[in-house]
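The structures considered in this document are given below.
In the two complexes that follow, chain A is the common piece, with chain B as its partner first and chain C second.
And now, the complex of A and B:
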């Protein structure tokens, strides 16, 4: 019991630290030499979203594999460590797809591979079920891969500015910016609370006890974070913020961007054509 | 002289019903250093938010340079920019002020919103150099020490060289070295004739003020630091502290055997003052 509490604490701590450092420091987005980093953020977002849409429309594993590998190539060209990127994408996959996929594996009719039950119900893992599961997982993974590429290679302010200039209204941008900062604060407050609790309690708590304490702290945590969130908005206003993102670089579409966009459109058309007409 | 700020019968209540300020009347003049002292929950932070036109009083009026601060006026972009350049607010918790991916971006935030881009870059670089933040400017604010966070949040306000600086408990949670930094900073800003309004419990900081207000929802007392520190009952009633050196002299004066030997008009409130008194005393002995 004690160990399980420790394990949960350790894991939560690890995840929070990871998110705080990796996501919010925008380490890779600031490496201006990368393939995707060099692009105009608007073009990049449009291009990668085209790839996401293409990905979700594909019906064959071969084509999906090609698109997945292409995302890895983009990642390497953007100087993001491949393993880090793959981990980041696949970390979320089980959550998203597991729930949907598990029943499908058993319920899709077809050639049985492994029969689990014959009576009272016939339940078997089928070849078609597995195939569908793989297809679905790969599709989700590829779509997420491209989305993650946007966030890894673009600074948050630039994404906001780009979305703003692509027509997303100011108020939505402000809310998203505040939400982004709020999540960071919340994570930090959770972490701080875990540290301070650790230093106050010499003995380890049982799981039930620790849940009771967690429940109590939760309320305090949300009030604290809410007030801090409010103060962040005030601190922004106080320094001249006016519900409109401002960044140092001017967006400018270059040849490089046009070539990229043409390339993306070409890839999408070929993938879709091959998927629908030839396979 | 016309006051920079004039507050008339300010009343402020939060949406949940908490009354934070009640019938506040206050004048702040240009070039003045004003300390706001009061127990926790006294409404000090709320008062600073009103001075920075982030909150507006539910009743009463705030005048800044003779203009009434209200939401409508702040919605005027011209005035907003003028006011935000003129008044800087250093929040108590630097975490609320540091929300960008790097320290540099946080320092650049105000200039970017208030100046053109070239000027913004220039003033940001300038303040980063002046405050020796070069070694942390590319770091995420999450990864720096408490003292460095405070310094960065100060740089984020000083980057627009405001004439009026509001500081909320600038020395809370700081180590002695960073505390001294803040004390010297206030002295420096004072010598540049800036108007400073700060909230603090720290006696060493309060002695830097020209004038103090004791606040507890209402204004309890007003006066110079010396007047305030000699009013021991009020200080105790409001959970406030007196400088250690003042306590020492109070003890000495309360001692019947010594009272005839020490002959002073005022209790010292700084180490310098105490030093001079003791020096005179020891000299007269020999």
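And now, the complex of A and C:
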């Protein structure tokens, strides 16, 4: 049977990947000597988001290449192992994007580089097609590079505080903080459920069986979360929760941060200007 | 169905952020009417929504598919707005921390999976539950919900070449059938069966919970 114990194996693999990624990110974010780690989280998040938006708006490979190299420079300055960073960015989404975009190489009309077939259909790899595919993939990869930089250099609580001081309502922050905290507990729960199920299996699962097992396990998880929700509320009450979360922040914008933000705005306006007006 | 950064152009992204501002505003307003007791529950439910996406469901073509869980949460909590908020937060966490989806496309992703999917699924469930029963209705709701969301995502991809060329290159004659086919045949049936089983399981083991959530939500 094709489907065997895929439900269990793949889910376990996925869960472990998420946990280890989160743990790794925290490790780099706690490194105080890095360039991006030193910045005020609000300024850093705004700056990197500006760069993501700029990246998405760029239409020329040259400019994108410049932005991509800039992200690598940020990575080195922040003391993140370059190879780890590149692997984390490129594995999966840009790779997957590269495959999705592949047909465009043959479909875009333009100067042929290599003619595969003349009859009965004319199929050729065109210069324009390759340009399109490279541009698209590089854009996706560069945007992801900057997003990953946010994660790798900012702790979760800092991101939450920064979002709060940028105007995201308290109630949303409370839910997010709770959610993120309990994701890891529940991930462990799922792992345990998967292991215990696997240890009791003595044959492969059929497709339908694996769906039923997944459904039951989600149902059990839901019942658990219901009870936990109540417990957490009482735990919060007993510690003096007054229905209004207080989020303490001690962020201070320094000269260093202002210079960084000016630099980012300069870079993104030069890139955009060069992209639209000169090229 | 998570659209990464770079697939949609700036205009499309801004458009969906604008649409989502309205839904987020309505969602937060709905949150403020909840009993304080339900806020931690909502936090945990968001974590649950995240976990639901972690299950790799085997599908007939030999690969695995994911379920979004929007319909499931809307049904279990009897309130689609809860699903909108929970799924939006999950998508944000995934985009920022785990690189699934993107920052610029967050609006579009939240619209597809956090608005279209739970609302379509939930109202189909509501419409059918007295005719075919809770379990079957939830399965049908989940199926139609995920397929509709996929088709909407397909349209977003497909309109992109006409709005701003240079991004996702495939017109909707290609993208809509591609998205719809994958979800009609693989992810859709998996989501339908699993959602129905969760509803059946929760109803069977904790019928009080199923009724309780409904009542407490109505009171609040």
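Quick notes
One rule holds in what follows: the second predicted complex is superposed on the first by the 165 of 279 C-alpha atoms of A that agree within 3 Å, B and C clash if a C-alpha of one lies under 4 Å from a C-alpha of the other, contacts with A are read in each partner's own complex, and residues count from 1 in each chain.
Operating definition for what follows: a contact is a pair of C-beta atoms (placed from the backbone, for glycine too) under 8 Å apart; a residue touches a chain by one contact, two chains touch by 3 or more.
Predicted model only: the values in this text are computed from it and were never measured.
Of the two partner chains placed by superposition, only chain B is touched by A:238; chain C is not.
Contacts of A:130 after superposition on the shared chain: neither chain B nor chain C is touched.
In the superposition on chain A, A:212 makes contact with chain C only, while chain B stays out of contact range. Of the two partner chains, neither chain B nor chain C is touched by A:50. Measured by the number of chain A residues touched, the leading partner among chain B and chain C is C. In the superposition on chain A, no contact is made by A:16 with either chain B or chain C. Legend: residue contacts after superposition of the two complexes on their common chain; A:72 is shown touching neither chain B nor chain C. In the overlay built on the shared chain, the residue A:30 is in contact with chain B alone; chain C does not reach it. In the superposition on chain A, contact is made by A:188 with chain B only, not with chain C. Shared-chain residue A:155: touches chain B; no touch with chain C. On chain A, the surface patch touched by chain B in one complex and by chain C in the other comprises residues 21, 25, 156, 181, 185, 228, 232, 236. Touching chain B in their complex are the following residues of chain A: 20-21, 24-26, 29-30, 155-157, 181, 184-185, 188, 228, 231-232, 234-242, 246-248. The part of chain B that touches chain A in the complex is made up of residues 49, 52, 54, 77, 80-81, 84-85, 88-89, 91, 93, 95-97, 99-102, 105, 108-110, 112-114, 117, 120-121, 139-140, 142-143, 156-157, 160.
Interface residues of chain C, counted against chain A in their complex, comprise 4-7, 9-10, 13, 28, 31-32, 36-48, 50-52, 54-60, 62, 64, 72, 76, 85-86, 89-90, 92-93, 95-99, 102-104, 166-167, 169, 190, 193-202, 205-206, 209, 213.
Interface residues of chain A facing chain C in the complex, by the touch rule stated above, are 2-3, 6-7, 10-11, 13-15, 18, 21-22, 25, 49, 52-53, 55-57, 59, 88-89, 92-93, 97, 101, 104, 132, 135-136, 139-140, 142-144, 147-148, 150-151, 156, 159, 169, 171-172, 174-183, 185-187, 190, 207-208, 210-212, 214-223, 225-226, 228-230, 232-233, 236, 243.
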